[in-house]
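Look at the two complexes coming up: chain A is in both, with chain B in one and chain C in the other.
Right, the complex of A and B next:
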């Protein structure tokens, strides 16, 4: 079996996170692992470090995991979640500087072809560069 | 509609009419890119009237192609499996990007 980079979607909103993950699964297919989390544990808007860590572990692949985030706290909490992973996983997770929906679809498309974590990140971040 | 020929050296070309109702939008772009990535060959595409060839393995560039319905998509490839790559991509576009199990 060929490993592909996993994708994690972190939004302040559960609906946006789930909807983005649905788009990725339908457009790109099921060969890439996609996990998502959104909202705080009380069901309101927000992000949670522990839920992000769970999502990273659910999408885990030996090739690594690329995280797509929406606003401020989603990024800082994702970085915190990465820091708290077991040490051998930390260096295999990146938070992409890319728009959440477009970045997730592009990153997953790149990942489906078997690309490395650096290549997947670069494709997602192309969207911010231009 | 389907024309493949061996041009000078290793370059294989093909062209196909885009019949998709909405033209080359997001989902077809993802399918085309994913298929292109299965081949080792260097593959470029362009919409019939464009000056520039773009990398068929770059999903953002394919999506930005914005080819309209009925435009002709030209494909060229070079490398080991170039012939199979062009045939597969022409088949994908001419079959209107069918859903596959993969």
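Right, the complex of A and C next:
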């Protein structure tokens, strides 16, 4: 099997993150690695840098990982998580400026075709352009 | 640069305890214009810092600041985690490269504030913690060496918090509220002020 870009879904709510991942798997299949996380370190609404780092490593692919986030703190914490990865992985992870559900489905669809990280990100971010 | 371990511990303890004590106020401010989690998030982060007090106190100041920053990043759980975490980690990095306090305090503070601004892609005037940090940086520069430095910093920070009330938020969750964010002081500005007061009060008590 050829490597495909991995997808990480980061929501303040674990239910939203899991539901989004379920939709991606149903619509795109299992050829793309999808990981998700939601909730703060106490399990309440929020995001956790360590959980995001775990999700990135679980979805890891040599072609890179695209992250989809919901609201502000999820983006800031995802950027922080990327910077705290081992150095050779940092440049292979992007946080997409895209709506979380549609962006995850579009990014995974593009990834399934074997596209590069830049192409996957561009397709997800087209959703925010209009 | 050397700080006595007991001084470092009392600074960290005071800062953490003051933030934890102000959690209900921070939550109330955040419920007005944010998502209401700032108090709980800061409390969780600084409780984790308190839990490491002995090991932090045993570190050189630059390493201690980095440990505080990483602890906040990993435990706060909201946008304030990376923002405050970046502040302390950048201050530690800057201190590692400088001669040390107090001569370079403004310079170290400037590095930390600049890193927070970059992390949040934000500038002063957008109703954030930067609206306290930048005025305090100016005070540190202008009053360097002054016998009244600690008091000037406290006054500067408190006045800066109040000036966030008429601002309209363009960053963070409060930006969704647009004009409705006007009239409330910013919770991040308030928590920055609490931290700065705790540090100044502790240093003053030790003079």
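Observations
In the analysis below, the second predicted complex is superposed on the first by the 130 of 130 C-alpha atoms of A that agree within 3 Å, B and C clash if a C-alpha of one lies under 4 Å from a C-alpha of the other, contacts with A are read in each partner's own complex, and residues count from 1 in each chain.
Criterion: a residue touches a chain if its C-beta (ideal position, glycine included) is under 8 Å from a C-beta of that chain, and two chains touch if they have at least 3 such contacts.
These figures come from a predicted structure and were not determined experimentally.
Taken together in the superposed arrangement on chain A, chain B and chain C fit without clashing.
Once the two complexes are overlaid on the shared chain, A:80 sits against chain C while remaining clear of chain B. Legend: residue contacts after superposition of the two complexes on their common chain; A:128 is shown touching neither chain B nor chain C. The superposed model places chain B and chain C at 150 degrees from each other around the C-alpha centre of chain A, with the value given to the nearest 10. Of the two partner chains, chain C is the only one that A:49 touches; chain B does not reach it. Touch criterion met: A:29 reaches chain B, while chain C stays clear of it. In the superposed model, A:41 lies in contact with chain C only, and not with chain B. When the two complexes are overlaid, the chain among chain B and chain C that reaches more residues of chain A is C. In the superposed model, A:91 lies in contact with neither chain B nor chain C. Remark: least CA distance from chain B to chain C after fitting both complexes onto chain A is 27 Å.
On the side of chain A, the complex with chain B involves touching residues 27-29, 31, 105-106, 109-110, 112-114, 123, 126-127. Contact residues of chain B toward chain A in the complex are 26-27, 30, 33-34, 37-38, 57-60, 102.
Taken together, the chain A residues at the contact with chain C in this complex read 40-42, 44-50, 71-73, 76-77, 79-80, 84. Against chain A, the residues of chain C that register as touching in their complex are 35, 37, 40-41, 44, 73-83, 85-86, 119-120, 172-173.
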